[in-house]
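What follows is chain A paired twice: with chain B in the first complex and chain C in the second.
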Partner chain A sequence: MSIQIRNISKNFGKFAALKDVSFDVGSGELVALLGPSGSGKTTLLRVTAGLEFAEKGKILYGIKDVTERSAYQRKAGFVFQHYALFQHLNIFENVAFGLRVRKRSERPSEPQIRARVEQLLDTVQLREFAKRVPAQLSGGQRQRIAFARALAIEPEVLLLDEPFGALDAKVRKELRHWLRNFHDTTHLTSVFVTHDQEEAFEVADRVVIIDKGVVQQIGTPNEVRENPANRFVEEFLDLGRDSVPV
Partner chain B sequence: MRLGCAHMAGVEDLLKVEPGEGGVRLVLSGRLDADAVADIWNEALGAARGKVTVDASAVEYCDGAGSALLCELRRRAGGKITGLRPEIARVFELFEGDEEPEDKSRKPVDSPLESIGRVGAEFFEDLRDQVAFLGEMVVVFATFRGGAQRLRWNDVWITFERAGVQALLVVGLISFLTGLIMAFQAAPPLRQFGVDLFVVNLVGLAMVRELGPIMTAIVLAGRSGSAFAAEIGTMKVNEEINALNTMGLDPARFLVAPRVLAGILVTPFLIVYADLLGVAGGFLVMLMRGFPTAALWQQLTSAISVHDVMAGLIKGFVFGALVAGMGCLRGLQTKEGASAVGVSTTSSVVSSIFLIVVVDAIFAVVYYVIGF
Partner chain C sequence: MAGATTTFRTKVVAPRRATAESPWIKGTLISILLLFFGFFLILPLYVVFHEAFSKGAGVFFKTFQDRATAHAIWLTLLTAAIAVPLNTVFGVAAAWALTRFQFRGRSLLISLIDLPLWVSPVIGGLIYVLVFGRQGWFGPWLFEHDIKIIFALPGIVLATTFVTFPFVARGLIPLMQAQGHKEEEAAMTLGANGWQIFWRVTVPKIKWGLLYGIILCNARAMGEFGAVSVVSGHIRNKTNTMPLHIEILYNEYQFAAAFAVASVLCVLALVTLIIKTYAEWQAERQLRAAAESVE
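Our next item is the complex of A and B:
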């Protein structure tokens, strides 16, 4: 399912976080929102998910206008930077949660839930941790559980907010490859936020560069690298190249 | 003054004021050191009105004091400074940008009136949030359907148990002691009039109509309202509420509705229990003073009617909704950061107790007017 973002503007008090932002994410595409911190990229993702609401503009999922709908009505899969796992539930129940709370007519049977959760835990290679609670897992493992939980509800779009932001460099690289492979097999329409241009260029089909709430450039990694649209893009990318990944 | 005189080159040599385009032109020349600047400071700033241009091409030397003068001229009059020699410009540049913080430090301190206004505005904003929340709750309860929107009775019973059964000890003890203390205090003065037995009326009516409901509600606010705020606040800080949201659950239905409903259901039970123990406390004192149980019981049943008990219970429903709702609202309002949960927990208790007393006063007036 495609996502269309139409003329989104959002203010926090007097501060304009997003100014007339528009772009499309094609069905099955993996798009990165790239920008320095404070550029509005996370706000844009949250507006897309329905966790924040814009003052102006429209959000369409496919042909459905979801602008007025809350996050719980949009049902986009969302992966949070700090995982946001349910601390009091074990790993299995965390992943199963989205299925268990469905209404009875739509809820899968217990064996179906079990099968689905185990399959997801296999996908993220953490099946043996099913009985543990989130506090007993490492950051990378928790983030993979967060992936599995977001996927359990079979979302039509997947939104990721700096999914690797809280992880160390090595785990980050592994998960990056894992995400790309995962996307290549499922072709789930995905948008992920990052401030790391290397990450964006390696994983995404297309990159949307944002600064000060304004889209600076949209294009494939190659297009952006070879033809930076303006001074900001040029400097931001150059700076990124020189800096050591944190 | 000797030093000043030795150096004194005359104000006219240092500063000339000429009419410029739409304002004045200040021509500075010679050595702008501390002494010279002291001499011309007032005159230069006094002349700097309207559109000011400063010609500093003849300045030979400029120290910190000179730079201060240039800065002040530029700041006050927005004047342009032209013709600075490069070596002097370098000194001057060191002071550039220093004007800004000075401006910020002049930010006015709130007057008492402003502070009152601010607090008032915050109060009404909070009131608006509470009314909006109340409206949302009404919509939630009016539109329960099946599926993900259904009421989670399981959560209602769990909360009922935690807020009710586990509060029995505290509520019981407080009510019992309240009844006992009231009887202790009331017995001696009433004895002087020979109407000791009316202690039972006092304790009974006060417990059933006022103190039972209020004590229960306050204990509920301290134990359960704060717990709701802390639970929901922690979930908010960990983004678990957003996670619920993206998984198709409306937090208002999923988290708030069961707690509010449990609060409404549990409070009347606790109030009846508190009433009984409060009266028991009063009875204990009277028994110790030698009154027979039968006489006390007779006095109690003649003093208290079903009306009085109902008056207390009706308040109980409202207090229960109020305490649980306030706990949840403060939880949902939790901001970011480590101290945020503590802030909302405290705020839930303070706001609840405040509202309990206000609502109780409203009840008192309404009951009085309708003669209930």
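Our next item is the complex of A and C:
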């Protein structure tokens, strides 16, 4: 399902976090929102998920206008930077959560829930951890569980907020490849936020570069690299090139 | 030359940090602490139980067969059973509002929650006399409609609620602040509604802090003397709570009976202390878990 972001503006008090942002994410596409910290990329993702509401503009999932709907009605899969797993529930129950909170009429039966959760735990290769609690898992494992939990509700779009931001370099790389492979097999429309251009260019089909709440450039990694639209993009990419590759 | 060093015998002592006091000061401070503890905490507790049983177990147990005593215990339990749930709901709502929303006057409200702790309980009681008493603001209206608040159960509950309302909120605010609300947001994106988020995510997260607050609130509610004394009227079999009843018995020279009732309050305090310590320990664990999960 496609996502259409139409003229979104959002303020925090007097600070304009997003200024008239518009772009589309095609159905089955994997798009990176790239920008320095404070650029508004996370805010945009949260507005897309319904965790924040914009003052102006519209959000459409496919042809459905979801602007007024809150996160629990939109049911976009969301992955948080710091995992946000339920500390008091074991891994199995974390993944099952989205199924258990459904209305009785839509809730799968217990064997169906079990089958679905086990299948998801297989997908992220953590089935043997089902009975553990999040505190007993490593960062990379926790984030994989967070993926599985978001996928359990069979979302039509997947939104990821700096999903690898809290992980060390090696695990980061592994998960990056895993995400790309996962996307290639499922073609689930996905948007992920990152401040790391290498990550954005390696994983995404298209990159949306944001600064100061304004979209600076949209394009495939090659387009952006070869033809930076303006001074900011050029400098931002240069800055990344000089730094130690992650 | 090398042989000369062997003549020095170094005494092995536990390494002392530069900031540590000398053993002499350490010893003195600990002794003062223990003396103070013994004199102000252990001795009174001992006296209560000693006096309670001074005329034998028979007199001790007979005290509780007295109708006025039984009524006082019942009234205390009833008051706590109303005031504690009220303050639990209030405390959770207050902690929720004060940690989740940013608004003008928020920090003022956080300090105002503590007001009953600074103010003398007598004033807490007096407020309600001035508002609902016979000569108070609503006094004449209440009298016309034959509603009794002062010198009746509603007054006792009001005064108790006033005195005990900081406990639940105070326990929860730092905990909820540290935990943030990422888990609630995650639950929301998974399709949980507000009610489900509260019961399935928030309550398990805060349960030990909540229990801790409820227990303190309950202990204080059952033991409150000052505020209740002002509004109760000390009518035996009607508006006498346990602490007030102890005073009456004592004034009537029924020392063994007074101490017997007092010992019940002491046992309550000890049980509270044990549960509190356990809840506190668990709450700290939750707090640490919250700190780790955001690293």
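Heads up, the rule we're going with is that the second predicted complex is superposed on the first by the 244 of 246 C-alpha atoms of A that agree within 3 Å, B and C clash if a C-alpha of one lies under 4 Å from a C-alpha of the other, contacts with A are read in each partner's own complex, and residues count from 1 in each chain.
In the analysis below, a residue touches a chain if its C-beta (ideal position, glycine included) is under 8 Å from a C-beta of that chain, and two chains touch if they have at least 3 such contacts.
Nothing here was measured: the structure is a model prediction, and the numbers come from that model.
After superposition onto chain A, partners chain B and chain C are found to clash with each other. By the touch criterion defined above, A:82 lies against chain B and chain C together after alignment on the C-alpha atoms of chain A. Of the two partner chains, both chain B and chain C are touched by A:70.
Contact with both chain B and chain C is seen for A:49 once the two complexes are overlaid on the shared chain.
When the two complexes are overlaid on their common chain A, residue A:134 makes contact with chain C while staying clear of chain B.
By the touch criterion defined above, A:150 lies against chain B and chain C together after alignment on the C-alpha atoms of chain A.
By the document's definition of touching, neither partner reaches A:204: not chain B, not chain C. Touch criterion met: A:98 reaches chain B and chain C at once. Counting contacts as defined above, chain A residues 49-51, 70-72, 74-78, 80, 82, 84-87, 97-98, 101-102, 149-150, 153 meet chain B in one complex and chain C in the other.
Put simply, chain B touches chain A in their complex at residues 146-150, 238-240, 242-251, 254.
Interface residues of chain C facing chain A in the complex, by the touch rule stated above, are 182-183, 185-193, 196, 200-201, 204-205, 286, 289-290, 292-295.
Against chain B, the residues of chain A that register as touching in their complex are 49-51, 70-78, 80, 82, 84-87, 97-98, 101-106, 149-150, 153.
Interface residues of chain A, counted against chain C in their complex, comprise 49-51, 70-72, 74-78, 80, 82-89, 97-98, 101-102, 134-135, 146, 149-150, 152-153, 166.
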